[in-house]
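Notes to accompany the following structure.
Chain lettering (A, B, C, D, E and F) follows the sequence in which the chains are written, and residue indices restart at 1 in each chain.
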Amino acid sequence: MRPMMRLFDKPAARVCAMTTLVLFCVFSGPAYGQAEGADALNPGDTAWMLVATALVLFMTIPGLSLFYAGLVRSKNVLTVLMQCFAITALATIIWVVIGYSLAFANLDAQAAGTLNLASFIGGASKAFLRGVTPDALSGTFPENIFVMFQMTFFIITPALICGAYAERMKFSAMMIFTALWLLLAYIPICHMAWSGDGALFAEWGVLDFAGGTVVHINAGIAALLACILVGKRDGYGKTPMPPHNLTMTVTGAGMLWVGWFGFNAGSELAADGVAGNAMLVTQISTAMAALTWMGIEWMKHGKPSVLGAVTGAVAGLVAITPASGSCGAMGALAIGLIAGIMCFLGATTLKRVFGYDDSLDAFGVHGVGGIVGALLTGVFASESLGGLGMEHATMGAQVFAQFKSVVVTLLWSGVVSFMLLKAIDWTIGLRVSREAESTGLDLDLHGEEGYII
Amino acid sequence: MRPMMRLFDKPAARVCAMTTLVLFCVFSGPAYGQAEGADALNPGDTAWMLVATALVLFMTIPGLSLFYAGLVRSKNVLTVLMQCFAITALATIIWVVIGYSLAFANLDAQAAGTLNLASFIGGASKAFLRGVTPDALSGTFPENIFVMFQMTFFIITPALICGAYAERMKFSAMMIFTALWLLLAYIPICHMAWSGDGALFAEWGVLDFAGGTVVHINAGIAALLACILVGKRDGYGKTPMPPHNLTMTVTGAGMLWVGWFGFNAGSELAADGVAGNAMLVTQISTAMAALTWMGIEWMKHGKPSVLGAVTGAVAGLVAITPASGSCGAMGALAIGLIAGIMCFLGATTLKRVFGYDDSLDAFGVHGVGGIVGALLTGVFASESLGGLGMEHATMGAQVFAQFKSVVVTLLWSGVVSFMLLKAIDWTIGLRVSREAESTGLDLDLHGEEGYII
Amino acid sequence: MRPMMRLFDKPAARVCAMTTLVLFCVFSGPAYGQAEGADALNPGDTAWMLVATALVLFMTIPGLSLFYAGLVRSKNVLTVLMQCFAITALATIIWVVIGYSLAFANLDAQAAGTLNLASFIGGASKAFLRGVTPDALSGTFPENIFVMFQMTFFIITPALICGAYAERMKFSAMMIFTALWLLLAYIPICHMAWSGDGALFAEWGVLDFAGGTVVHINAGIAALLACILVGKRDGYGKTPMPPHNLTMTVTGAGMLWVGWFGFNAGSELAADGVAGNAMLVTQISTAMAALTWMGIEWMKHGKPSVLGAVTGAVAGLVAITPASGSCGAMGALAIGLIAGIMCFLGATTLKRVFGYDDSLDAFGVHGVGGIVGALLTGVFASESLGGLGMEHATMGAQVFAQFKSVVVTLLWSGVVSFMLLKAIDWTIGLRVSREAESTGLDLDLHGEEGYII
Amino acid sequence: MKKVEAIIKPFKLEEVKEGLAGVGVQGLTVSEVKGFGRQKGHKELYRGAEYVVEFLPKVKLEIVVTDDKLEEVVQAIVKAASTGRIGDGKIFISPVDDAVRIRTGETGDIVLS
Amino acid sequence: MKKVEAIIKPFKLEEVKEGLAGVGVQGLTVSEVKGFGRQKGHKELYRGAEYVVEFLPKVKLEIVVTDDKLEEVVQAIVKAASTGRIGDGKIFISPVDDAVRIRTGETGDIVLS
Amino acid sequence: MKKVEAIIKPFKLEEVKEGLAGVGVQGLTVSEVKGFGRQKGHKELYRGAEYVVEFLPKVKLEIVVTDDKLEEVVQAIVKAASTGRIGDGKIFISPVDDAVRIRTGETGDIVLS
């Protein structure tokens, strides 16, 4: 084991050290721009990446925002839509100003086989997108599209968290939390996973094709902490809080499904057979998980529900995300099946047992599904199971690498989220007043009503 | 006329023979994988096919599901959404497990100029997508994308049928019917039309660019039989059953229109001028049919309705589907006009005269529009009418070929649908109880309500 | 200054002369088809243009139609959806029959450095899309896709105007106005801006990448005149007329945002770094304007509204449109900020001061945002401000060129719109009866209700 | 003058309206209500959480009638609305002092015809 | 105490509310109802099938007033709600025994002021 | 027989229902209404135009009770629905002549039990 890596054997204890490192790096690191090969622009890949970007944005607005908005009570419907929309705008600006740079600049400081500061965070040299001209390439397509594609992930991740604290969080607190969380939790994990040779997860050989750690586990654990620290909704467990408009939720689910092709197949960064495979396994896992969830409900409650079907589909989408670059059709069937079962337990039993109020099951689906997917990626990448093969690892070693990435993400994002939420709670407060909660957040926070029909 | 073809001059009488043949073939045929040329992967075509696939899935969820869901009464809204969603999941798995193989494997057994078993059905060699690796090509793009693209057609076709039996069919019966119908009706027709040289329709020289027979007539006739065998909705003809939310229907119609570009222009399987032409004629026919339907209503009832406009648009989309690879702008204007008129009659007069309860006009629009489109394809492919030309046929011969494919589809799908529906009715029953129908299927079948506002 | 150009120094005075010229040209001009280079078809560019076209259509149906429909009272919701849908159909047919030809045929008559009739209007040689075969190219992709792409702009522009006269205009009057306005206002401006060397705006060196003048100012000024000439809604200013369903509006806004990538990045007519840059700056400006509008509301009213956020986003989208081919990330931040402020004033103060009833702020957002964007394009194209550079002009000269194009558009479209609206008012009348207005236009004009829930 | 308030099952509305037309009722007013009574609610299911909805959708009819018509009207409703199952609903009869037709300002029994 | 129930055309609500404020009414309760009466319903059109909607949207106001205010209140409604066309609606007056203010538990006329 | 009509704040419905069950109420009917009273409306904001919504969402309960139960029922509502803040609502009590159970045709007090 290389020296730097020992640092992470007990990750919890080292978080402070890492934070210091990270901050140091951000403000000192020289940056040399993204290292490019001698690739030329390929219009086919470019076309696909333009579209994949549009598809991933489509996942958040309107996709996810509809999915979530249908699940709350009608007095809070606009708040949810507003959160997703405002996060989209906020994350865009942060990404342009400094986020992209911190995630993807200073790559020259990284080197395969070396763990250093640059394994954890990028630099400031591309702040305000310095150097991202129309001519700059990222592989076979323009770097500005790479900026955009990655931005859409930067947008959707905090939007996923909304599902946990829905129907009670202050809008101002939400905005501050999101901004800081993106900088302190998202960017480091994104860099560790996706900045290439020399980055932490890359060195470990972790497979995270489209964001199991970066997006889903990252958002999932933040969601869990957020719903615990914000506290339960008034009347939770006593009064029923059924979804106010399931047609909206099903519509959003359809959009998520379709948009996810951009997410997963787009993560190949090219229009080729691996992208096609990513699309195919995404479809299979999703279908399988939807049928699984429906089947469980049918057996347990005597009827399958449409909310069950769409939640299962999202579970399948989440779990296949890290695996979509490496598993085959059979692996996808298995991942879908397992994700369906585990997320069902996550959104029902787990939540009931621990008694937290994860309003829309952001942790139950994205956290649980993300972990399941990350670990199973290590299994179903195996050629013996129809996968595309793991480069140098045995299945055991690969699963262990995956496991480490899961733990790092849980701990890093967990600690950051906890500290941020506590700090915000002590200062401006996380939660609206009881009266506002009973009136509805739409009127209280935004002075509007969803429906005047 | 070649010997094998005589078999089909009186198609009804030969259905049993065909069934035997088909079943035999399925379990016996050696399979050699899809014959490939020496084509190399083209990223531009690949990009387009990735997107076209996403667009066609988008047509079903959320497109079609919203279009249909808005048309039912609010107590049944979720059932319709659920049907489309569950069919999406179910068809995906069937396609992966065996459907794709039965439709597109064993192509080596086919040969131009020969009608044999392989003219009617593929084989089992690609079950579980054996051999569909990221490297396998289908023309100029990866085969896995071809699998996905064709899968989206496999999904939407049974979803179209939902429109006929809406508001009264059991969910379990619907699932069983769909699964069997896909295997026994969809796959053979798909194979006959699209598996290339040696396939029945190919031998006849039938032009079905994007699925007039395979999708629309196939679904349309099944829809007609389903609504007749399931029976009328309680109170049909006495109580008004107006659409509960036309905003949803219009939204779905817009999505269908946009998604249909993937359907028709995607069917070129390349990003080229024929794809562009398919997009163009799709737009023209749709617009023309929408204006036609509006115009008829304006004249007949004194006002044009938005439901009329969107239904007309769907009629235009349906009718241009088989013709979109061969007609020109002028042909599209004519097809749109005629489809607008004929589907108007299909959804109004025809239904009234025969008194069946095709709740959302699945036959009236898809069946009638599909037949009109299939026949007119034979007319407007002609260069003299601005078409791209028919290879070797005169207009008369082409129309006759089209006619034969229509008849085969109607008979094959009709007989299969009839037998399946009867069998299900005798066993588990097709229809919910009268009480469930009066309460609403959402509560009864799924334990949920659409709106709690 | 070249002789022909003097004509436009006092544009108002010359409108009649222009009209005569234009009409003359239309019926006399020989046409030679679009001049092509020796370009070959590029499948990557073709794939992108197919998708960009689908995205722009998606902006109108369902995007814009949902955005607008949510803002009216529920008794008028279908009317708005119907207007957008019917305009889509109507504009399609007009474009195919003669519109495309008048806008883009007869290009041989144009020459760089010469202002003549052909600087203002095309010819009739491509009527009914004569010559637009699958082989015909437009640059590196098929001309039929160019026809389609431009058609989607032809569709959305009059649909934008609906926002001004919503809730009171007759459907028949709306259809007639739209048809004539497209022919007399849209086509000339489109030709002047986009038909290449020798066209008026091209000669002036105007930068209008994706339609600041052609689409937004054009529609904006028509909207202003329409809402003034149609008159205020009954009870306007006395009774509150709040949006009936903001979830619909937010959904539509998300669709507009995503679809706008097709609009702006598609206007590059290729999948390359300039397209990527257009997508990037579109995202930035939109996010910035959304945050700006939210910020203003937060300061002024104590709470940010979701309607404010989405309206700000649309303002940002509008303003970046002409600039998206020439500005950089920093310019986009500035344009978003300024557009947010100016459109806020346009939709609030300006409207209040002058007292017109622009129901959904079509002028306040598209007119004002379009003008702001057109002028700022001249500023932020400058390399010194991070732009991609202006070819031969100083910033001052460029802004002046932009200014002239704004004035020409305002005057031309303003005069045409005024005359058309007056003529229609005198003949069939623009407005529904007071009783119809109180009952709701859905029932009165279309015999339907939006919701029966 | 009496006011007859009937709470019935929603799908019976059409029949009741016809029944009332049969006994010459010229006007009535309908509203959507939720009822709570002996009729058991139904279970709903959201992400594995089952809960019982106790308030059931009902329709309330209000018909103001002249005293002499009262009996006939009540009978017509009972006849048309009854299915024999729990939850068929109730009819309440209460006194009305007077009625006014807004259009004309008329008062008294004439308003009801 | 009397209860005044007025069924009016929806778009008249604002005017009636102002009219009532003019005669000192401090509180009222409004609900959306569907009315059936002499006013002819409208035709709706769905895929070529025309049918008549006989239940028209109306608004019901309930105002409990002291006996001395009754006349004034009724007049105010008639004045504000009348358009002179069929379907303007009706007012029904019925006895109320007592009123209670939930916040304070007070009863009697004071509750209405 | 008396009819108790209570206009309460919507989020109090569950508590009131439980309170009423506590005193043996077997049935009630609920509708959504808008109330206008002393409670100040809220401001809404649409594109910079602020306006005041004066009609606030309320829930109306109708319970027909036998005369002897009246006091108890009213007290139960007051207790459960009161928050002490303006807008808690009102209860109106009015006479009912008779009640009919549609299912059985029964009349009189038995219908209410």
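Quick note on the criterion: a contact is a pair of C-beta atoms (placed from the backbone, for glycine too) under 8 Å apart; a residue touches a chain by one contact, two chains touch by 3 or more.
It should be emphasised that the depicted structure is a prediction, and the values quoted were computed from it without experimental measurement.
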item: Cα-superposition angle relating the copies chain F and chain D, to nearest 5°; value: 120
item: Selected interface, C-E versus B-E, where C-beta contact pairs are more numerous; value: B-E
item: Chain centre separation (chain A, chain F; CA means) in Å; value: 47
item: Rounded Å distance between chain E and chain F, as computed from the means of their C-alpha atoms; value: 18
item: Gap in Å, rounded to a whole number, between the CA centres of chain D and chain C; value: 53
item: Inter-chain centre distance, chain B versus chain C - centres from mean C-alpha coordinates, in Å; value: 36
item: Multi-partner residues of chain F (each touching 2 or more other chains); value: 31, 44-46, 50, 94-95
item: Residue numbers of chain C (touch at least two other chains); value: 42-45, 47-48, 51, 242-243, 245, 301, 303, 305, 307, 446-449, 451, 453
item: Those chain pairs that satisfy the touch definition; value: A-B, A-C, A-D, A-F, B-C, B-D, B-E, C-E, C-F, D-E, D-F, E-F
item: Residues of chain A that touch chain F when the two form their complex; value: 239, 438-439, 443, 446-449
item: Interface residues, chain B side, partner chain A - complex; value: 41-48, 50-51, 53-54, 57-58, 60-63, 65-66, 69, 77-78, 81-82, 85-86, 88-90, 92-93, 96, 128-129, 132-137, 141-145, 147-148, 151, 171, 245, 248, 445-453
item: Chain F contact footprint on chain C (complex, rising order); value: 240, 242-243, 297, 300-301, 303, 305, 307-308, 311, 344, 347-348, 361
item: Parts of chain B lying in touch with chain C, wherever the complex brings them together; value: 42-45, 47-48, 51, 55, 73-74, 242-247, 250-251, 253-255, 257-258, 261-262, 265, 270-277, 279-280, 283-284, 286-288, 290-291, 294, 301, 303-307, 309-310, 313, 328-330, 333, 388, 451, 453
item: Contacting residues of chain D [partner chain E, same complex]; value: 1, 3, 17, 26-31, 64, 94-103, 105, 111
